[in-house]
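Reviewing the structure listed below.
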Amino acid sequence: MIRVTVWNEYIHEVEEPFVAQVYPGGIHEVLRRLLEDVDFEITTSYLRKDEYQGLSPELLKNTDVLLWWSHCANDELSDDTAARVAERVRSGMGYIVLHAGRNSKPFKLMMGTRCSAVWRDWNERTFVWNTCPSHPIAAGVPEVFELEGEEMYGEYFDIPRPDDVVFVSWFAGGNVFRGGVTFTYGQGKIFYFHPGHERCRSLYHENVIKILKNAVCWAKPVPAKNIDGGVFAPPLTEIADHENRT
Amino acid sequence: MIRVTVWNEYIHEVEEPFVAQVYPGGIHEVLRRLLEDVDFEITTSYLRKDEYQGLSPELLKNTDVLLWWSHCANDELSDDTAARVAERVRSGMGYIVLHAGRNSKPFKLMMGTRCSAVWRDWNERTFVWNTCPSHPIAAGVPEVFELEGEEMYGEYFDIPRPDDVVFVSWFAGGNVFRGGVTFTYGQGKIFYFHPGHERCRSLYHENVIKILKNAVCWAKPVPAKNIDGGVFAPPLTEIADHENRT
Amino acid sequence: MIRVTVWNEYIHEVEEPFVAQVYPGGIHEVLRRLLEDVDFEITTSYLRKDEYQGLSPELLKNTDVLLWWSHCANDELSDDTAARVAERVRSGMGYIVLHAGRNSKPFKLMMGTRCSAVWRDWNERTFVWNTCPSHPIAAGVPEVFELEGEEMYGEYFDIPRPDDVVFVSWFAGGNVFRGGVTFTYGQGKIFYFHPGHERCRSLYHENVIKILKNAVCWAKPVPAKNIDGGVFAPPLTEIADHENRT
Amino acid sequence: MIRVTVWNEYIHEVEEPFVAQVYPGGIHEVLRRLLEDVDFEITTSYLRKDEYQGLSPELLKNTDVLLWWSHCANDELSDDTAARVAERVRSGMGYIVLHAGRNSKPFKLMMGTRCSAVWRDWNERTFVWNTCPSHPIAAGVPEVFELEGEEMYGEYFDIPRPDDVVFVSWFAGGNVFRGGVTFTYGQGKIFYFHPGHERCRSLYHENVIKILKNAVCWAKPVPAKNIDGGVFAPPLTEIADHENRT
């Protein structure tokens, strides 16, 4: 059983009727329904839910994989919340970031880079190409699939070198984007995936859902073990002729 | 001509007579002399030098490669200085970090992880193994060389997956360490190398100096170009049948 | 259910009484018993079993993960058998290679390099360090464990850059070795792990068995999909103003 | 001074008048002229030049970086020539492979994979995106540039995980391609770059030439050192309590 928390900014859906129609109840509730799986125990939360911005220590502690959507209010998230998320990923929680979540404080904190990219707010023809068919996240995903219009995100994408570039997207306007990339962060696994503009229906796409389900399984924590460096380590074997060294 | 700035914390040498004997004038002055090269224009600086902690905007702007040594006063460095260093690396400056500089704010900021490791403060027998002989940083470096005693740094080293693991060190006490690793950060290149405890003479070692000189040449900026994402991008080609998309 | 085939050279055990005592019935039979798992369906095979050198098309076709041990007879394996193994890995079969299997034809064929390393045939004190605690192969494995004596394999290990360096081993004689490394090969996953000299008892070690079980789960094929390149691809979208191009 | 050998199949130019017009004297002679540089000493050669298929031991021995173009006669190259090229790269020679050279025996031998991709023989609109602006090969190359028509090569590209994906190409027909990728092979560096169909003028493009010149400088050998594994290694330090081990 994987404990999944779907965290959503949940502002566009409240303030924009068009978005509310595309994602009734909010992206988090739509994803909760679409990701339903016998192996997943799904909780939803959102930015303005409580004093912890929807991510209480208790909830984070009991989350195996955190699925993240944010966009217009990336600045509203506190540095403290960002730090608590990063700390939890460092200790093993999986972290799946959608769309504009690349600009969220926790993601930028963990990447260390700006995570900037070029963009075009247009309902643009998009093909998602599978460039790492052996990756568990790509299980059952065809060589290529089309998104029924998406916001263009394009290179240069200012991220560290990814562990794997699982998907590369093509946009009709002439751009390409390393839109599905994985990273390791301490004991945690991170997957960034570009689809999910609030006005597009990409999150309903069968292959997007398949990819997110695969990503949840891939990102689940491995049994925790002590990797706390920064401590004094007694030698495992007597140190050879150290007296010659001092 | 590569403009190299050797930045040193410069506190141990001032406060500890033994260290002052090992590195007279400070590690920065010793390295300035040892790294002397017809292709390098070397400047030195240190933490308590001025209001900019020795890293004025002017100096950073005119630095191609920054060589960094710090240890006991990593907390004294301000977040602002750390951010200015990271921003400069992001725009192309090379960054070479020695020894306990792995715990410095700029390095941790750019890595995104804790950069923790196990350690043993002992003048310990150390072998540095060359695990990437094709790397420019390893040019002319033998398959293995011995350090005349060094502080042990050992795994688990909490860093992102390196671009290249150029050197792995062996310690008599039973530890191993990915002690020479490279990273990409925006347009900048980073090399971390573990030798250089203030009470050890590792920085005088011919192969350590050869490696640092190689690293300076490898890390020099590539001609700057605009990679500023986060901006609107006009389409390069008319967007195919977008009307079907809205 | 994962269909695992344990393939063993099975010559040392037949010709050397001491080895027969260490691994009664052969390494393949010992591993079959030790790897027993409710999720595994284990078959064993060996070099001189049949005209297919123990790897008939039928068996390969029905193998999800192939576990490989070989040493003194690496040259006896035919190029044809090596090519059939590589082809099967390319199409998704997992491939786990132990000890001197690094010198086997299939492994060298898939790596493209010599896979050479320095070695010392000595029952030598060995520590295996976990350098990638977030990797599924490292699940439940402590930060370090000791092997009760093993043949030394050391750097430089002539392999391509691994996907992950999961384990690095320390040897009392002064060597280090990237002894647990993963690779991607077409749709297949590869894990090389250095323990397993025929005269050492490493393969009985609880952590070695845990690692091999983890590796089998990690290496199981992802659902096959067509990645057959080398074919003509019709355009997915009408090609913009190609007439201006000819 | 870098000793560059430009090796070309040189058959299309001989047999097809149209190609002879595009590349008078052959692609090798055109590249010799375009790559002219004060730091390069350029030799040209071709498949049917001599008994060594234009790659005599003497020439290979005196080549620092080999630039390779081949297409229709990839099968005509002997396994022996392929092995000699691979051996030379393994010992440090740089290897730059253009266009259909991805299907050449030496490249496939070194990659270990099929190197297959989808293709469309069409003079197709192509944008080359710079996805690794910090890489020396990308020095001075803009964020994106257009090729005046090129054959489409597309994903899935069956190669090992590259060290760096320096360029990703966009094709009007809807495909993307990791068209500029680097690899490490023993002590040698490899760069594959997709432009250069014999009927297209891509190799005259200012940015393509800039990239090839950068690649030559990047790929030049680092000073040779002994990395010959496969040999017995005497211990560097007396082996601790081995008597307890035997």
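Just so it is clear, A, B, C and D label the chains in written order, and each chain counts residues from 1 on its own.
Please note the rule applied: a residue touches a chain if its C-beta (ideal position, glycine included) is under 8 Å from a C-beta of that chain, and two chains touch if they have at least 3 such contacts.
Because the structure is predicted, anything quoted here is derived from the model rather than measured.
Common partners of chain A and chain B, by the touch rule above, are C, D. Contact count check for B-D and C-D (C-beta pairs in contact): higher for C-D. Note: the chain lying farthest from chain B is C, by mean C-alpha position.
If each chain is reduced to the centroid of its CA atoms, chain B and chain D end up 31 Å from each other. With centres set at the average Cα position, the gap from chain A to chain D is 36 Å.
One inter-chain figure worth recording: chain C and chain D are separated by 29 Å, centre to centre, where each centre is the mean of the chain's CA atoms.
Across the assembly, chain D contributes residues 125, 127, 130, 133, 143-144, 154, 156-157, 161, 163-164, 172, 174-175, 184-186, 227, 236-237, 240 that each touch 2 or more other chains.
Taken as a graph of touching chains, this assembly is fully connected, with contact between every pair of chains. Residues 86, 90, 109-114, 116-125, 148-149, 152, 154, 156-158, 160-161, 163, 172-175, 183-186, 227-237, 239-242, 245-246 of chain A are the ones that touch chain B when the two sit in their complex.
Residues of chain D that touch chain A in their complex: 127, 129-131, 133, 143-144, 154-157, 161, 164-165, 168-170, 174-176, 178, 237-238, 240. Contact residues of chain A toward chain C in the complex are 92, 125, 127, 130, 132-136, 138-144, 146, 163-164, 172, 184-189, 222-223, 225-227, 236-237.
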